[in-house]
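Data first, discussion second: the structure below is written as structure tokens.
When the chains are written out, they are named A, B and C in that same order, and each has its own residue count from 1.
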Amino acid sequence: MDNNNKVTSNVIEAEVPMGTVHSAAIEPYRVRLFVEDEIVRDAEVTIGVNHRGVERIMEGLPVEKANSLTEKICGICSNIHIWNSVLVAEKGLEIDVPPRAEYIRIIMGELERLHSHMLYLAHGSEVLGHETFAMRLFYIRETVMELLRMIGGNRVQYGVPIIGGIRPRADLDEMKIQKIKEGVDHIEEKILEFADRFIRDPMVMSRVTGVAALSKKDALRLSATGPTLRSTGVAVDIREDMKQYDPFEFDVITQDDGDVKSNLLMRVLEIPESIKIIRQAIKDIPDGKITNRSWEMQDTGIIRNYVEAARGKLYHSYRLEDGRVRNSIIRTPSITNINAMEHACIGTHITDAQLAIVQCDPCFTCTDRAVQIVDHPLKKNNRII
Amino acid sequence: METSMIITSLVAVIGTLIAAFVVSFWLPGIERKFIHARIQQRVGPPLSSPGFMAPIKFFFKQAVTPNSPMPKLYNALPLISLIVIVAILLLIMPQLYVLGALASIIAVIGLLKIEEIMYMFMGSLSKSVMSVGMPFPDLVKGAKHVDVTRSYVEELSTLRAFRLIAFGSFPIYIALFVPVVMAKSIFLGDIVAFQQLHGPVLFTVGGAIGAIAYFIGFMILLNEYPFAIMKTKADVIEGPLLEYMSKYRAYVYITRGFLIFVLASLFATMFLGIPPNLFSPGILVTIAVAIIFPIAMAIMSTFSPIFTFRQFYPVVAATSILGVIALVAAFL
Amino acid sequence: MNLSLKSYSRARAVHVMLVYTGGCNGCDIEIVNCIFSPKYDAEQYKVFLTWNPREADVLVVTGPVTKHVEKPLKAIYEAIPEPKAVVAAGACATMGGVYKNIHGDIPSEEIAGPVHEIIPVDAKIPGCAVRPEDVLSGVVSALPLLLNAK
């Protein structure tokens, strides 16, 4: 994909393809590694197996149905898709969302970031070969799943945001707030204990330090986004620009090296930041109604919105015509991280190559749609951040 | 007198073999239930399932021709591997010390080598559906490097097995020579007799260090985490064993449990001076060692990731140096 | 119920293989939860996870089968030796889910159909996403077919 260091075919000895069904892949994708004596010289990641044509199905659906459909794009980052889709409609129709609903949406968004990061750590441990750590992490993750089920009704795909607010079922009362408080306290204690244990383990640290390093220059050139970019030292977080996050105070975490260890530590350190936001939200949650139903439908032009998903910058856009959605485009963060994955594989041993792909947190189910690359007016200095 | 002695010896040999098989059926279950599951805070399978019921279930599955250029040879390899390990157990039994040069440490090491070479053959003959055989449109317009030879993941395992043969077996071989140096003879009969006289080798300085080297070598030979690079789930899925099904896979399962028992009783013979013999109370010590070894191995493997060659080489080098120190201590 | 060695051993060690065929990943993570989460540990029910079709007895399929995955799914199904059972887990695998059945003006052309159009299915587990406890009971409900097969 990048022509700057073109690898010629006479360095490469063999190609090892690893198929759509593989023990290290939680989604079906095809990766072809071009090796010389078990060191990877080039890599090619092919997606396309997950293409279900979601944007095509959305064409002509009524807007509420289209919003619910975006949730089914991905099972891990489902809430951020429906939240962003609802934000697009609210931006275009200029609907005011009551503050209590904003706070609850943020609680759900941060809880989802928690479970997504823990899943990343568990999957990374499994690819390292450490089943015990993977099981410990899945056990801690169960607390978050129970909280999500309590608020939204389902462990996966909870459907909390609607246009104008949140679903009435997802309102928080005293008991639920108390349970959320206990839950995040428990998670913070266990994750910090786990992180301590993880860093002190010499076998695991020798496996991850210095492996598949991505430099800051390369990450910017390849348009990496999200924690993958922040682990190389660039402090870009869209949550700082979102007006919904204005009342909350949190830090943007960065690491320095861009290798597997930095990526793992990134996610581990982002978990207490999300917990900080959740704690502020449940302390200051304002009273009031949770849905604003006094708005009217009109036709709009194309409306765009960006949010920060757990994996990076997420973009939705569509236009409304007679209450129906037209020309919807969804661009997920993993599509640009594919470049970073292929680049990070180079120079590693084959067993570390799967680790290099997992370190960039791929979510190919979100990503699989037809892509057209154009010259965009927002591009500065040949980079799109 | 002669015939009754021969019959007693025969009964002892066959009885010990059967006892070895019976004990080895429970060893994988003990590993998974009492160690892995306890440490991972879950319930775990019943004791008989991984080691005993799984091979029996595999016997009743249908056998299809595996994807391999020489399917009959490929299917015969696990049985050959099992026979080689049975031969090792036979050689260390005291009734067979009359065989002279065959009952020596050289024969045992040679048989262990054959067992390791089996993996290379298996890997080069297995062509499963999970890598190149997957029907996916790879070589299309715009793909990178369409002119490169495509290799199956099992071929990667073959290369790794070769590397393991070249240096991975140093620890156990060096450790096996410590009792030889102390007893000043390569014959198993002499080594056992030396320990009846002077006490077990394990209780000397050289012997204790050698036992540690033996344990690490034992883990490498069994391809247990962290030394499981030949069979890791991260890239080669199962390595050379990918195409085995039904009764051939049952042989693979049985071989693993049996190999644990045989290596443990080899330790008991060489370092404690108690050969496996059904008609003597020493059999209890052999079974105790055969249960302690997999428990210790499971504890170590639950807490470790898989080592790539970057960590593997230093660990093997360090263990080999330990073994050499043990040899030097044994001389003095 | 015959208590022969054959059916007894088949009930005491079941090997399960997972295939992901292009779904949203929700069911996949819930099934991985069954195996890897100590809360739902499947090994206590004598269900072991394997990634090798030659070793598997039960194939658990999630996701609506997209066009690219149709042939790999068939290849893996044929690689499993008899007796075998197939369990389709989730709304997408049982009836196509939202991708096949909901559309605005243009239907999606990427779905090759729910799983029963490609390979024969023995048990279906509903849910979007499936609950881990339902997956375990679904796998256990497919067992009598294995036990009583030849």
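Assume contacts are C-beta pairs under 8 Å (C-beta built on N, C-alpha and C of every residue); 3 or more make two chains touch, one makes a residue touch a chain.
Just so it is clear, the structure is predicted and the values come from calculations on it, not from any experiment.
Colleague: Return the chain pair with more inter-chain C-beta contacts, choosing between B-C and A-C.
Modeller: Between B-C and A-C, the larger count of C-beta pairs in contact belongs to A-C.
Colleague: Of all the other chains, whose mean CA position lies farthest from chain C?
Modeller: Computed centres place B farthest from chain C.
Colleague: Express in whole angstrom the distance between the two chain centres, defined as the mean CA positions of chain A and chain B.
Modeller: 44
Colleague: Where the CA atoms of chain B average out and where those of chain C average out, how many Å apart are those spots?
Modeller: 34
Colleague: Whole-Å distance, chain A centre to chain C centre, using C-alpha means?
Modeller: It comes to 27 Å between the two C-alpha centres.
Colleague: Which parts of chain C, given as residue numbers and ranges, touch two or more other chains?
Modeller: 38, 51, 68, 72, 76
Colleague: Could you say which residues in chain A touch two or more other chains, in rising order?
Modeller: Answer for chain A, listing residues that touch two or more other chains: 19-23, 126, 131, 135, 139.
Colleague: For chain B, jot down the residues that touch at least 2 other chains.
Modeller: Answer for chain B, listing residues that touch two or more other chains: 40-42, 130, 134, 136, 233, 237.
Colleague: Can you tell me which positions in chain A touch chain B when the two form their complex?
Modeller: 7, 9, 12-24, 30, 32, 34, 38, 42, 44, 46, 125-132, 135-136, 139, 201, 203-204, 206-207, 349-355
Colleague: Under the stated contact criterion, what part of chain A meets chain C in this complex?
Modeller: For chain A paired with chain C, touching residues are 19-23, 26-28, 48-54, 56-61, 65-66, 69, 72-76, 78, 119, 122, 126, 131, 134-135, 138-139, 141-142, 154-157, 324-325, 363, 365.
Colleague: Please give the residue numbers of chain C that touch chain A in the complex, ascending.
Modeller: Residue list for chain C touching chain A: 19-30, 32-33, 36-39, 51, 64, 66, 68-69, 72, 76, 97-99, 102-111, 128-129, 131.
Colleague: Could you please specify the touching residues of chain B with respect to chain C in the complex?
Modeller: Within the complex, chain B contacts chain C at residues 32, 37, 40-46, 48-50, 53-54, 56-57, 60-64, 66, 128-130, 133-137, 233, 237-238, 241-246, 249.
Colleague: Can you list the chain B residues touching chain A in their complex?
Modeller: Going through chain B, the ones touching chain A are 39-42, 130-132, 134, 136, 138, 143-145, 147-151, 153, 155-156, 159, 225-226, 228-229, 232-235, 237, 302-311.
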